[in-house]
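One structure, as C-alpha cells, below. Some questions next.
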Amino acid sequence: MKILVCVSNVPDTTTKVRFSDAKTFDSTGVQWIINPWDELSLTRAVEFRESIPAVVEKVTVINVGPALTEATLRKALAIGADDAIRVNADPKDAFAVAFQIAEAVRNDGYDLILCGIESSDYNGSAVGGMLAELLDMPNLSAVSGLNITAADVMVDRDIDGGKEVLKVQLPLLLVVQKGIAKDARIPSMRGIMTARTKPLVVKEAVAGDTYAEIVGFDLPQAKAKCKMIDAENLAELARVMHEEIKAF
Amino acid sequence: MKKLKHSDFQYHHSYSCTFKNSIMSVLIYSEHTEGKFKKSAFELVAYGAAIANSIGSKAIALVIGKVDPQELSKLGNYGATTVFNIADGSIDHLSNHLFAAYISQVAEKEGATVVVFSHSNTGKALAPRLAVRMKAGLVTAASGLPTTFEPFIVKKSSFTGKAFAKVQINTNCKVLTLAPNSYPFSETGGTASIESFSPSVAAKPAGTQLTDVQKQTGKILLTDADTVVSGGRGMKGPENWAPIEELADLLGAGTACSRPVADEGWRPHHEHVGQTGKVVAPNLYIALGISGAIQHLGGISSSKFIIAINKDPEAPIFEAADYGVIGDVQKILPDLITEVKKAKQ
Amino acid sequence: MEFAYTEEQKMIQQAARDYAQRELIKDVLERDAKAEYPTHHVKALAELGFMGMLVDPKWDGGGMDTVSYVLAMEEISKIDSSVSVIMSVNNSLVCYGIESYGTEEQKEKWLKPLARGEKIGAFLLSEPEAGSDATSQRTTAEDKGDHYLLNGTKNWITNGNSASTYLVIAQTNPEKGHKGINVLLVDRHAPGISLGPHEDKMGMRSSDTHSVMFNDVIVPKENRIGEDGFGFKFAMKTLEGGRIGIAAQALGIAQGAFERAVKYSKERKAFGTEIFNHQSVAFKLAEMHTRIEAARLFCLKAAWLKDQHQPYGTASAIAKYWAAETAMYVTTEAVQIHGGYGYVREYHVERLMREAKLTQIYEGTSEIQQVIISRAIFNEVY
C-alpha cells in the first residue's frame, strides 16, 4: 500500500507570538518545525514502512507552502519518508490547503492518507475532513491508534470515555491525534544522509477558492494577578470555592 | 487486502447555498450519548438559536440516532423550534461521510445557511466534510457568537491559546464548531416540534467493522466535568494520589494530570491535560504540584477559574492562576479536604 | 565567509537536541547521584548513528563532518556530559585513530562495530606516573616476535569497563625514547586484564572511569597500528581531534548553564524586580554570553579546518583551552546567579560546574594547551 502523510510547517511551540501587522504572524527569527501531530503520524507510518516493507511500499509526505517549508520536508525524509511533494502556494485557509492537496494527489492512488487533527499554529481541525470529502473518500477521525499487518488494518478511534477498535478497508483517510505513536522519531545519521538524495518534487498550485480569511488577531487579555491565600487559612480557599467559584 | 472501489462511495452533490423564497434556518447538530443530551448539547442549541435570531432565521436541531421523544423535546427548552430526528437502527454508529451527507440533505431541505456543531470528536469529524459539501467557510472552536454578521466574523483561539484569530467567512453558507463552555445559556421555556427525517442517501457501510469497545467506567469525563482536580510531579508519586481522588469525589470532579505524570505511568494517559493531551475548559481547574509548563497551560487556559497549589513561589502556574497557595501540596491537600467538607455542611 | 549552518548540519543539531532534551534529561540527575552507567542511552544514540558519526559510511559510520559533530556534542553536553564524553572518546579518539591509521583488515575487524556503536572503545594513554608527560610510558609492550606482551597500569580510563576495544599506548623500545612507543588494539576481555574499581569522581559520574592493569597480556602483532614506533605520534595526532570533541563538550556545558541562568534571572524577583534587571546580573550574563560565543567560534573554526584537511592542531588547542576555561567561569557564575537554588542538585547548575572542572584537566590540561599554543607562536606556525 502507499501512504500519504500530510505535514504542516509550524513555528516551534516556544516561539513568542508576534504580529507584524493586524493580520500577519511575524515570522522573523522563527524556528520552523513539523506540526507535532503530523510528526507522530509520520513516525507511525515509517514504523510500518520499516517493519513490513512488503506491505507498506511507500510513504510520501506532502505540504502546501512556500519554499521555506522544504527544510521541514527534508526532515520528514530524514525521519524515513520515501519522497516529498511541496505544492507551491501560500494558502490562506484550510479549504485552500485541502484543495491543493486533493488536486495534487487525486490520481496517484494513495491507499491510506494520514492527517493530524490540527496544526499548532492556526488550530484549524479542518484539513483532514475537507481533504477526505474532496477526494470522495471515507474517513475516520479522533484516531489514536493504527495497526497494519499483511492481513488487515486496525484503527483505534477515541470516543467519549473510551475508544473503539475498528477493522477498516482501504482506501481511507485517518485524522489522527495523541496516541498514534508514542514519541516522534528522531532522524538517525543514516536517515539524514539518505534524505539528501530522496526526491522532493515541487508542484505548481492550481487555481482555487478561499472560503475564509483571518482579518485580525487579538492578544488574550492580561490576567488579573493571582490572589494568594495563606496555607494556614484554607478555610478562606474553601469559602472562595463555594461562594465565588461555585464549585460546590 | 480487499480494496473498495471509487464507485462504492456515494457521490456527493453540493448545493449553491442561495435560497430565494424560502425561510432560512440555522441547523444545529445535536449530539447525544446513548440517547441522552449533555450540557454541551443544550449550550449549542442556545448558541445556534442566538445566531438564528440575529439573522432572522429558524433554529432547527438535527439528531441522528435513537433518542426518545421526551429527550428530543428538551432541545425546545433551549431555543430550537423544530427537531429533526434520523432514527434508523442501521446508522447509529458514526460514519463521517454518511452523516455529512445526511446533514447536508437536511440543510438543503431547510434552507440552512449556518450549521453549528460542538467542537467535540464528532463535531470535528463532521464539520469539515459538511463545509466542503456546502461550499461553506468553516471556523472551528469558535469562542463565542460572531462579533459581526455583515461581514461574518468569528473569533477563535489560535497559536495554542496565545492569540485570538478573527476569521471572516466570505461564503453564503457558514459552518461553525463551538468551543466547549464558551456560551452562557439558560432555559427559554420554549417547545419544539419533532419530525422524523428519512434521508434518501442509502446507508452503505464504509468498510469499517467495529471489533471492540473499551470504556472507562464510572469516572467523570474530563471534557464534561465542571471541576477538574489535576496533579503534577509535585505529588512525588502515584502512591500519593488518594487525596486527589478524595477531593475530586467531594467536588464531583474529574481527575487529570500533567504530561510527565502520564509519561511516568503514575496515571493513565487519558488523564493527561495539555497541548498534546486533552484541552479542557471547566468552571474550575485545580492544579496540584504542577509547575505550569507552557504546554500544560495550553490545555487549561480556557478554564473559568484556576486554583494552584505549589511549593515554588516562582512556578509559572501562578501567572495563570486566579487563586494560589504556596506550600507543600502533600500537607495542604488533607487540610483543604477537611475545610471543603466543613463548608459543605 | 559563510557563517550559516547547512540544512543537514541543522538537522543533526536538532536530532541531538531532541534526544538530549527528551530522553537524557529524564534520568540525568539520578544517574549522576548513583554514578550509574547510561546503558540504554548509549544504545539509543548508537542506533541513531551518533557513536560513529564521523566514520566513513563504508565502515558503517555516519559520514558526517566535524562541524556537525561539534553541534551534536554541544547539544548533548548541555544536558549530560557523561554521555557526551562516551561519545567523544568513541568518535574522536578511537574511531578516528583506527580510520586514519589502521589497515583495511584492522578497520574491517575493529572499526565497523565501533562505528555502529555496538561496541565502545577506550583510549589508554594516561598512567599513574604519566599524565601530561606522555613520553614517560611505563606500560611495556615487549616484542616477542609474533606477539607483544603487555604489562603495566593505565589510569583514568573513560569507558574502562564498558569498552570492548582498547587502544593501548605502550613502550616497546625504551632506548628510542618516545619513538619506541607503539599503539595496540586490545580486546578488553583478553586474559591478564583486570580493572580497578569505578572511580568516585567529582563530576561526569555516569561515565565509567577505571584504572586498567595488564599482566602478561598477549597481543597479536597484527593488532599494532602503523609502523613500529608510531604510537606516540598516533597518540598526539589523535588527541588533536579529540580536543575538538572536548572543546565542544565544554561549550555545551557552558551554554547549558548559561541558558538556565538566563531563565532563572528572568523569573526570580529581588528588590522589586526580576534579577535580570539588576546590572550586576545583566553584565555577568553579557560576559558569559560573549565568552561562550568566542568558544563557539573557536570550536567551529577548528572543525572547519579539520574538514578542509588543513592543519588544525593549534586551532583545536585554542578551542579546547578557551572553551574549558569558559565552562568553568560560566558554570561558577551560573551557580552564583541561582543563589541558594544553585547549590542544590535539582537545579542542575552545580552538576554542570562539577563537570566543567574536568574539561580543564583531561585530554590535555589547560597548561598543556598553553604549551602547544606558545610553541606554535614560537615556531610562527599559526
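Note that the chains take the letters A, B and C in the order they are written out, and that residue 1 is the start of every chain.
The definition used in the following text is that contacts are C-beta pairs under 8 Å (C-beta built on N, C-alpha and C of every residue); 3 or more make two chains touch, one makes a residue touch a chain.
Predicted model only: the values in this text are computed from it and were never measured.
With centres taken as mean C-alpha coordinates, the chain found closest to the middle of all protein C-alpha atoms is A. Looking at A-B and A-C, the interface holding more C-beta pairs in contact is that of A-B. Rounded to a whole number, the gap between the C-alpha centres of subunit B and subunit C is 53 angstrom. Computed from the mean C-alpha positions, the centre of subunit A lies at a distance of 20 Å from the centre of subunit B.
Spacing of subunit A relative to subunit C, judged by their CA centroids, is 39 angstrom. Of all residues in subunit A, those touching subunit C in their complex are 71, 74-75, 78, 183-184, 186-190, 192-193, 195-196. Within the complex formed with subunit A, the residues of subunit B that make contact are 1-4, 6, 9, 11-12, 33, 95-97, 100, 119-121, 124-129, 131-133, 135-141, 153, 155-171, 177, 206-216, 219, 221, 223-224, 226-227, 250-253, 269, 272, 275-277, 283-284, 294-295, 301, 304-305, 307-308, 318-327, 331-332, 335-336, 338-340, 342-344. Remark: subunit A residues 1, 11, 13-14, 17, 19, 25, 36-37, 93-95, 98, 111, 117-118, 120-130, 132-134, 136-142, 150-155, 158-172, 175, 178-179, 210-220, 223-224, 226-231, 234-235, 237-242, 245-248 touch subunit B in the complex. Of all residues in subunit C, those touching subunit A in their complex are 7-8, 10-12, 14-15, 18-19, 22, 47-50, 53, 57, 62-64.
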